[in-house]
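I'd like to ask some things about the structure below.
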């Protein structure tokens, strides 16, 4: 004891329009930090978290990050939760030279890496997700597809990736629709997709409204295959979709289907540990979103353990970190501030409101 | 019937009524005259419960009614025709009258209310013609008639009239004053009348009060007031103004 | 002729000049920058609402126009920030003119709805027109603006810059309300018929002031873009318009100073609340940010319930009441 | 694969529009009721819808009460919230200006949102449909039984309210209060009761909207604002204070959204609906059914 | 000498089903006081609204200084030199009495939005001039001591005076007064009559709508009586008073 605290900042959308992301993230980091401190801290230093609520709002997020840096003197920052808010705070951490590990999905957050020296992220890359989906489609002989995405930073980035990578797989996008996060009925879009002759549909979104898509499809008696993005990573979404959710296919980290993983999977121990702790403590199912915060915090904690709380050293350490996390097996490098590839994904499917690994 | 004892009222910090005391006996018509801004309207609003009284006491038929809200007082039998034609402008004339009769409706049912409206149509035939028109598009005089009719629909025992003749054609003014006298005789209505047209008011009144800057400065029989030199000089104009007021 | 207002500006000027000497933490200066940006938009809105009596629930759209004009022209076209800002002003003014001509014929809630609809439409366009606005992904790498060759890229510099612009905005505003035009605006607020009968072209006046207030908003938006160097449609939503109106109303609708007070207060309030949460953690009670919304609402409610003329008005009323009491006391003594 | 072709699509969009529009219409009517008795726009109207939806979810899904019982309890609960709101925040205001009251309702909406977040959490809640979830087909377009429930309930509510406001004394008295408080009081109308009643009624109608829509759209604490805005749009475009106008404009809004999304572009579908609404307002400055004359006779 | 300043020719206005003004002909001579009287709802205010361009006629025309008026907004008529007061006094309640009158100088000053906002008021000559001119009108109607009160708090009689002062600040050629004495007591009405007399002396033509017959008969040069939107009599006060139609429709026995 007597050692100074290691100060780490967190910015999550705890309330407001993206609270379904920020809430599990906050719970997770609080849980892990307590655990670390109860075990004696990091090299005898207590880990002190400063958690700010961005409300999913750019201005708030900017203020929060500044506060963490200027007032709380943190040595690293975890978050923000959303792609847009992450983009908004990048100039600040770049200028202040404090490492930031975003929990948001879009790949542009860490690309181009030369301009994002201080920025890292733990969620899997959207381009890898797209590739996994397209590979599965090719296997199934699907050529013409429709895409539908939510108009958020995440949806927008995914939509771009879907369109950019389609040619690579000779996939033909016959319909490209969007819906706003607050929308409650996608019938109009789906009818258009149906008429365009799509053989499968990809729904790229992170908002709860995404679970309305399968319901609407069912009501319209559309029976083409529905793919979702890794933004579907909360079993509540599958439950909300009800019976209509059955058979949805989506790539995701293995956290969601840990029960159906073989025992020799290297991630299994980590996944089970996190899942069990989280679910007993908060009495709700884990989501991949909490997992992103889990991975981020452990990356920071490990770096702190290795080099102490100098931000520049942490940054250098992060660039060579390796971690078996919930999102996959991270291998970061100066050229790759995410460190995951497409093997981080497992193709999952929904069965009676549960996620299971897709068999074929 | 009505008694005000040392009533004081304010608008914010402005002291408007200063120890006003007056009384109106049953069946009497009393008029309150005074210059612009003397506080006549405020007196009426204080009685009818639209304006709150800071100090003093108001009694109606022996009961203390100070501080009661306007809608309660209407039930007790006090109706006011407010200054400036307060009617429901975006509603039709007929609906206005119905609303005026909403107490009758509640207590005696629809038939009685309809009968009341018909009475008003007899009294003011022009309203009958205009019954489907929005009240706000009536001419000034028509609006004033409607306002009086609405107050009468409450079947009051005490009627407070705030400048009923304002903006009305001479013929109508005469009608209205005639109506007031008639109502007074027929149905034993007690009236407290505020008028700028002091001559006409004093003619139908039994008694009068003169008000100046928030104080009652004079109380006398109407006839006596009309002859009072001071009053003549201050309110009744330069000479006799008898030509147009028969 | 409004000497008090100009004195007030002097006081504000001194406060601004001294602030960075007292407030050593850049974070607080940063919050005050956002306060300044909101002030600017609110001053314009106050001229429109408090003086001319026309409501706008779409003002965030003009902030957005300023921000996107600045973002687009600097990032995509490589223009200088000042040029881009000027272009934003012209664009806002143009849009305000086009929207204002039909919309300002409407009154009250109808006008509110029309401006609200307009604001939502622009927000949707910002989301959907990906080629120009970057869509939900936004525009990044917006350069900092520089003045006399000094890049305004630190919080202190931008603090002075933004508040200087607020002071200029105030100066214009005060000049305006104590002029022929300002009186014309207040007159049409009081009675459009009477104003018309005195030769005031009420329609044209309403449009002029709408355009002017859109310019204030546009500048605020441009500064926002140059300050945080990244924009996406989020901050320009209808909810922000509602917040602006709330700021003006909380401060007191009928005084420009009210708008300043309201904007500063409601910008600082959430930051106070989040600092509060730390305090509670220290004394051991678990305070969650979840309660922020609730407390924010409660504070807003209490202000509106107990200070009818808004904060600034309430301030004035209190002084007034005190004066009245003193006077009565004096009278009583005599 | 799809056989109906053009017409069945069109019908599909119409169904979708009706379903959306009905909710807008109900919210708009809620606005109208309070507007009619006080002249103000209650920005917490959307929050009533949310409260209705969430309460119903708790009663039916968590406590497993039968639908009709839960329905009645929910509506009563939200009506009490409406009354509380009026008693605690609107009634005490001494010298009400419309602007001030509107900001107060904004504050209340924030408070209700905050409370809902604390009690119901932040996630979306879903609920069983009233009857079967199996769609049936009409000319190649599919329709959910729940949509029929929504439309049916809308029609019922509309008829009740039109009758109430235009043909009952209480309804007219409520309108009178909105127009001229003092004059209303002088005819013996208890203005305070009228205002309270209007809050109760509009909360009730909001609750109904929340209850019937939740099975389809799910419900979370933050939904209120958007529902409120759309409803406000419908209320204004229909002509403030006019129930029939609210219904027509609400449904119009819903249908335009659906058709725009279906035939033109989903990216701009909300914008198109709003644009048409604006054009309507510019042509008819007092809304579709609002009387120009009547509105000129009203103050703000 | 008998110069016609305003001429209404076959003027007609219909509101929905109501014919408010019906084939009305009327001439107004320069520097006179012309009164219009008639029962409530006869269409007097409507005539004023037509002259000032705040509503458009259904038929007929209005000629001002021999030129047909095309004004379709009130401000255009004001620009031509027509000022008015309203039946329900319309002051700007939140502005002070002096400011109310300063608004009346609108047409006599010119600085626009940009010039106004650039230069502070105390450096603007125009502003000083507006103020002195407004003060003159204030004294003219005798409201000096109320200059700094909010206009809304004035008693009605003073509000009417204020409206007139405000209209005079425009330096109009023609002044339309809509029931300036309503709500005034006998003495105040007398003062109002005297005020109107002084206005006439300033070479301003006055049109008056009023129900106070003594006032009308005292000061008018010419009286026109309308009923149901049509003229039923016209002449000097003395002639009109004795006209049986007028007595039946308006004055009463």
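Labels for the chains are A, B, C, D and E, by order of writing; each one numbers its residues from 1.
Simple rule for what comes next: contacts are C-beta pairs under 8 Å (C-beta built on N, C-alpha and C of every residue); 3 or more make two chains touch, one makes a residue touch a chain.
Remember, predicted model here, so these are calculated numbers, not experimental data.
Enquirer: Quick check on the contact graph: shortest path length from chain A to chain B, in steps?
Expert: 2
Enquirer: If each step moves to a chain the current one touches, what is the fewest number of steps from chain B to chain E?
Expert: 1
Enquirer: Any chance you could check whether A-C or C-E wins on number of contacting C-beta pairs?
Expert: Here the pair linked by more C-beta pairs in contact is C-E.
Enquirer: If every chain is reduced to the average of its C-alpha atoms, which one ends up farthest from chain B?
Expert: Following the centroid criterion, the farthest chain would be A.
Enquirer: Centroid of chain C to centroid of chain E, CA atoms only: how many Å?
Expert: Centres of chain C and chain E (C-alpha means) sit 41 Å apart.
Enquirer: Quick one: report the Å distance separating chain C from chain D, using the average Cα coordinate of each chain.
Expert: 31
Enquirer: Measuring centre to centre with CA averages, how many angstrom lie between chain A and chain D?
Expert: Centre-to-centre distance between chain A and chain D: 36 Å.
Enquirer: Distance between chain D and chain E based on Cα centroids, please, to the nearest Å.
Expert: It comes to 47 Å between the two C-alpha centres.
Enquirer: Quick check: what residues of chain D touch more than one other chain, meaning two or more?
Expert: Residues 117, 267, 270, 295, 298.
Enquirer: Among the residues of chain C, which ones contact at least 2 other chains?
Expert: Residues 124, 127-128, 290, 292-293 of chain C each touch two or more of the other chains.
Enquirer: If a residue has to touch 2 or more other chains to count, which residues of chain B qualify?
Expert: 137
Enquirer: Report the residues of chain C in contact with chain E in the complex, numbered from low to high.
Expert: 1-2, 6, 171-176, 178-184, 186-187, 189-191, 193-203, 208-209, 212, 254
Enquirer: Quick one: which bits of chain A touch chain D in the complex? Just the residue numbers, please.
Expert: Within the complex, chain A contacts chain D at residues 15-17, 19-20, 23, 151, 177-180, 182, 184-185, 187-189, 191-192, 194-195, 197, 208, 211-212, 218-221, 236, 239-240, 242-243.
Enquirer: Please name which positions on chain C make contact with chain A in the complex.
Expert: So the residues of chain C in touch with chain A come to 25-27, 30-31, 34, 124, 127-128, 130, 135-138, 140-141, 153, 155, 228-232, 234-235, 270-271, 274, 278, 289-290, 292-293.
Enquirer: Quick one: in the complex, what on chain B touches chain E?
Expert: For chain B paired with chain E, touching residues are 11, 14, 33-37, 84, 126, 133, 137-142, 144, 163, 166-174, 196-199, 234-238, 241, 243-244, 246.
Enquirer: Would you mind writing out the residues of chain C in touch with chain D in their complex?
Expert: Those in contact with chain D are residues 102-103, 105-110, 112-114, 116-118, 120-121, 124-125, 127-128, 238-239, 242, 245-246, 249-250, 253, 290-298, 300-301, 304-305, 308.
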